[in-house]
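Two complexes follow with subunit A in common, the first pairing it with subunit B and the second with subunit C.
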Partner chain A sequence: MANIAAQRIKREFKEVIKSEEVAKCAIKVELVSDSYTELKGEIAGPPDTPYEGGNFVLEIKVPETYPFNPPKVRFLTKIWHPNISSVTGAICLDILKDQWAAAMTLRTVLLSLQALLSAAEPDDPQDAVVAKQYKDAPDMFRLTARYWTAAYAGGPYSNPDFDSKIRRLTDMGIESHDARVALSSFNWDLERATEQLFS
Partner chain B sequence: MLLDYSLCLIQVIFEVFLPSKIKMSTSLNVFIKSNTGNTLSIELDPKWDVRRLKENVAPKLGLSPVDVKIIFSGKELMDSIVIEECDLGQQSILHAVKIRHVDKQHLRDRTDSEGSRPMNETLVDWQLSAIDRKHLNTEEDREREKAQFFVYCSSPCKTMKPGKLRVRCASCRSGAFTVKCDPECWDDVLHMNKIRGTCENAICVESHKDGSQFAEFFFKCAEHPSQGENDQAVPLDLVKSNIKDVPCLACTEVKNLVLVFPCKEGHVTCLECFQIYCLTRLRDRQFSSHPELGYTLPCPAGCADSLIKEIHHFHLLTDEQYAMYQRFGTEEYVLQAGGVLCPQPGCGMGILAPEDCRRIQCLSGCEFVFCRVCRQGYHLGECSDQDMDTSEEPVNCQYKVDPVHANQARWDEANKITIRITTKPCPKCRTPTERSGGCMHMVCSRPQCGFHWCWICQTEWTRDCMGNHWFG
Partner chain C sequence: MCREGDRCRYLHEEGSSSSSDEDQTKILTEGKVSKTPKKQTDLDNKIGRCSASSSNSDANRTNVNEEHPTSAPTDEMDLSSTSSSNSTDSQAGVEPVICQYFQQGCCMFGDNCFNKHEVLANTDHSSCKSSDVLQSTSVKSSIIAPSASEKDASAPQVQLAKTSRQHSPPTVLPSSSLEINELKTVESKTRLRVNAPEFIPGKFACAPPADPAPAPDHVNDTKEASSSKTWAQVVNCTAGNGVPSPNVSLCPYAEAGDCPYAENCTYLHGDTCEFCGNSCLHPTNEEQRKSHTDECIKQHEREMELAFAVARSKDKQCGVCFEVVVDKNPASEQRFGILPNCNHCFCLACIRKWRQAKQFENKIIRACPECRVTSDFVCPSMYWVDTKEEKDKLIMAYKDALSNKQCKYFKQGRGKCPFGNKCFYLHAYPDGTKVDTGPPIRRHRQNADGETDVLQLFLWDFLDERDNRWLYSLDDLDLVAFLSGSDDSDASEIDYF
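Let's look at the complex of A and B:
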């Protein structure tokens, strides 16, 4: 790895560790490799959002050309959000693409992602299915996102109705994650989800 | 071990004795130009003061020492100045001017304080405000406070070197010219008619009786002996010595030499990081093609209106990298002029062919013959993977090959392979675009194109792509 990228990441790493947000447990960053090419980020779901109480783990890959090119970031924790792929965790946030600037840091990236959790941009959706639900059935979206937060990110809210629907499908031999995806995609309509899973 | 030690010792001896020895014993060979058209070549000892120089030179010009003033780089030098303070190099030109009658009336008042210190001594660094200047008190600070310039020396050094600021008359280009005041910023130096002065050249004295000629500034490379009055170098005005200890924006280290971007914030990178920044943008073809400035870059912090105006700054790249810069710049020029790039891997030659000509041959490159529309080998009839109008018979025309494309530097093959794996050409302009992140929504990285396209379909990005395979 280029010296500059490593050196810069080292400093940013320290910056995050010392930051106020870490003190408040809002963001966190850990080394994955000694060479500073890969890091693990964590952001807390912001209050008053369906992500509240959840802890979201991010994969951060630092390119050789950092900081002139953005880090490659994706969600490792599964999340239900219009701007994040529910399948791969990929994020198509502008600052991680063409709006990246060399003055930005790991800290700004983590905080921007946290801001994205507070304010989705449904007009520039990254997951078409989630975005449609966000617009057409906002209440259903909130329940689903909160349910995903509980299932994957350690969120506190349970939903017995959703639980039982998932159990109906797992009883039929479906993996619980696949069941959750199918039900979420069809606004928890058990019949349509079943149809799709067995078609 | 012993060998190592003795090698070290030799090195130390060289380092300790050589440079100082050269300075101590070398006499300076300079030219003295008079305003009567004489040029003398003289050897002088750098320890001489200006009075001693006058005593040496005046008789050779048939003048008495008190009738002569010595002008160098826009300043009349005072008698007490020691030559070595003047930033003179081998073959530098000094001007010996006979004091005019008007001046002579004041001759008896002329004292040693007449004239001034050389410009290199008086010029303070333009990065410093008046307040900053007051705070520099020690000898070391004052040494740092002096303006330092950097130039691109195209010949013979072919690299960035320390530079020297020189002055001449803007109308007759004579160096026998004194400025009324020192320039105070880069604008004063880079733009015409900013600083007034007095020209000693007889023709000029006639046409500007008020003595209000303008100064013209230029730069020389400080490293090689002067090769005459036309030996100039391009100032790299963004390269500065880091007197304010600003950390590099990219690596966050405080380096001695930095590049200060022309944005409002004046963002700073060290020269090493600047090079990496250029290379990164170059490899992704993300330079901007500006109609007046050329192929250039903005501040890496994404500031508005921050394009580098003097493209000689890109000579901070290595020769090989600079060749790539020139090649891509040329290709960008070809594309903007409606030309095409040869699609053959490893070639990429820019070709300017008439608009209506579908059969294109890479004449000055690999000789590949291809179809303008699909960029595949040339074929009759429809392109295999694209709709196109084949109603008109393809005309076999002669091609003009891009004349400016002088440079044959090629991407190294290894690079080419990795690039092919993670990039696909933009369907509109064929610029390789890297797929970063998970989604299939691509935006052409070439700023002039910016086409939105789908990684899978390799056509324009549509709502269908969004619904069907946003994430593959």
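Let's look at the complex of A and C:
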């Protein structure tokens, strides 16, 4: 790794640890390896959003050309969000692509992702299904997102209706995650989800 | 009589020529410079009059002067502004003169000396004493003084000449001419030999006794102060009468900081400057004092400015590499890249690298990485600039420096610069005349919708791409007196001003 990247990540790592967001448990960064090329980030779901109460884990890969190129970040925690792939966790965020600036840091990236959770951008989607739901059935989107937060990120929300639908599918030998994805994709329409799963 | 005869360097006016006393007298009474036509060439060529040959004429002339008090003894000196009223007083040396060398205990003639070897508490001598002491020290100092090497040939000669005057204060030389002489001596030390008054040891011994009584008194009152000035007094005025002439130059060693002779130095030591701490303020030359103080204040201001610049640069962190710019390694990296349109701090290497990033759009990389405000170029600087004035000054200096370099596209008229008059570099023909090459080249092209785009080339779109190459050429520019660090190259890591 280029010297400048390693040097900078070291400094940033110290900075993040000391930052007040860490103190408020809003963001967190951990080292995965000693090389400072791979890190694990964590952001708390922002309040007053479907993600409230959840903790979302991120994979951060620092390129050699950092900070002249952005770090590669994706969600390890499953999340229901128009700009984040529900399958891979890939993020569509301009600052992680063409709007990157060399002065940005791990901290600002994590805070930007947190902001992204509060303010989705459905016109520039990463996950077209989620984005469509976000636009066509916002209430259903909010419920689904909250349900996903509870299921994967440790959120407090519970929805017995959704639970029973998932159980119906798991009883048919479907993985709970696949059942959840299918149901979420069809606005919790059990019939269409079953159709899609068995087609 | 002069043993050298016609080959003597000095003028033999009477002794070796056939001019009669009457001729001389006549010329003198007419008040003209005593040059008989046939002696003209001699007079032109010979500087002073030979003392050995002129004793007779001196005697005659003094007589003449007595009879014609209004006539001036102008032929005595090449500098002949005279005060005739004093000329009658100049007849004191009629009695055998007391030998000054003997008084100082060093007459080389011993018993054969023309002059009287006798210690006298003469008024003349007593008044001369201080100067005599000085004189002897000056003889010494002329040998040992730091700057003596250039003068040591001429100084002793002047010494002798002046001493000869002191032998008989009621000298035939008018005081005013003496003073002028002295001034000249000081002003142009190189011409000392030329301006030196003639040395006439035997002159006064032969002068006729003419009204000796009033002379000493008068002389003491009026002329002593000036006519008895010694070389030492002239050179080291403070020791003489306490009021050195503004023209006297200061001891260069003391001026530069440390004179090894300290108080014993024969040269003038000025007052201590409170800024630089050197003895370089002339006691009487107000102009010199003022100019030196101004210089020192300016120097002080520059130092303060530098200190401030260093202080405000001290903890500045580059927004890209997060290192403290002035602590970066190697030292060549310790430069700021100042963006004209925002106040974010970067080191030059980082901001230039960012602006060369190929993977982003121009708009992104032209923008400040922190605030996204677009800047057209990066200005290198040794120190951080806080205020707008400082920044403007720095950028002006940067552009000035670039505008003195020939544009490599324009090639002194042989090429064509696409940046036109927006180019930072110099567009001038070989003879130095500057050229306005007009606005940058416009390129028209149709875009997909059939509209015409006007593209204008600007130098700064290319500046950063070429920055890496420029780094080397910039280093040898004598960029910018202040702040803009261009000579921070590894060769000179010392503070630069």
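Quick notes on this one:
Basically, the second predicted complex is superposed on the first by the 199 of 199 C-alpha atoms of A that agree within 3 Å, B and C clash if a C-alpha of one lies under 4 Å from a C-alpha of the other, contacts with A are read in each partner's own complex, and residues count from 1 in each chain.
Convention: a contact is a pair of C-beta atoms (placed from the backbone, for glycine too) under 8 Å apart; a residue touches a chain by one contact, two chains touch by 3 or more.
Because the structure is predicted, anything quoted here is derived from the model rather than measured.
Partners subunit B and subunit C, brought together by superposition on subunit A, clash. Of the two partner chains placed by the overlay, only subunit B lies in contact with A:Val87; subunit C stays clear of it. By the touch criterion defined above, A:Ala128 lies against subunit B but remains apart from subunit C after alignment on the C-alpha atoms of chain A. In the superposition on chain A, contact of A:Arg11 is made with both subunit B and subunit C.
In the superposition on chain A, contact of A:Ser185 is made with neither subunit B nor subunit C. When the two complexes are overlaid on their common chain A, residue A:Thr149 makes contact with neither subunit B nor subunit C.
Residue contacts after overlaying the shared chain place A:Leu96 against subunit B, while subunit C stays out of touching range. Put simply, more of the residues of subunit A are touched by B, taking subunit B and subunit C as the two choices.
Applying the stated touch rule to the two superposed structures, the overlap between the subunit B and subunit C interfaces on subunit A comprises residues 4, 7-8, 11, 67-69, 98-103. Note for the complex: subunit A touches subunit B at residues 2-4, 7-8, 11, 65, 67-70, 72, 74, 85, 87-92, 96-103, 125-128.
If you check the complex, the residues on subunit C that touch subunit A are 319-323, 344, 350, 353-354, 357, 359-361, 364, 367-370, 372.
Here subunit B touches subunit A in the complex through residues 249-253, 267, 272-273, 276-277, 280-281, 284, 300-302, 436-439, 441, 443, 445, 466-467, 470-472, going by the rule given at the top. Residues 4, 7-8, 11-12, 67-69, 98-104 of subunit A touch subunit C in their complex.
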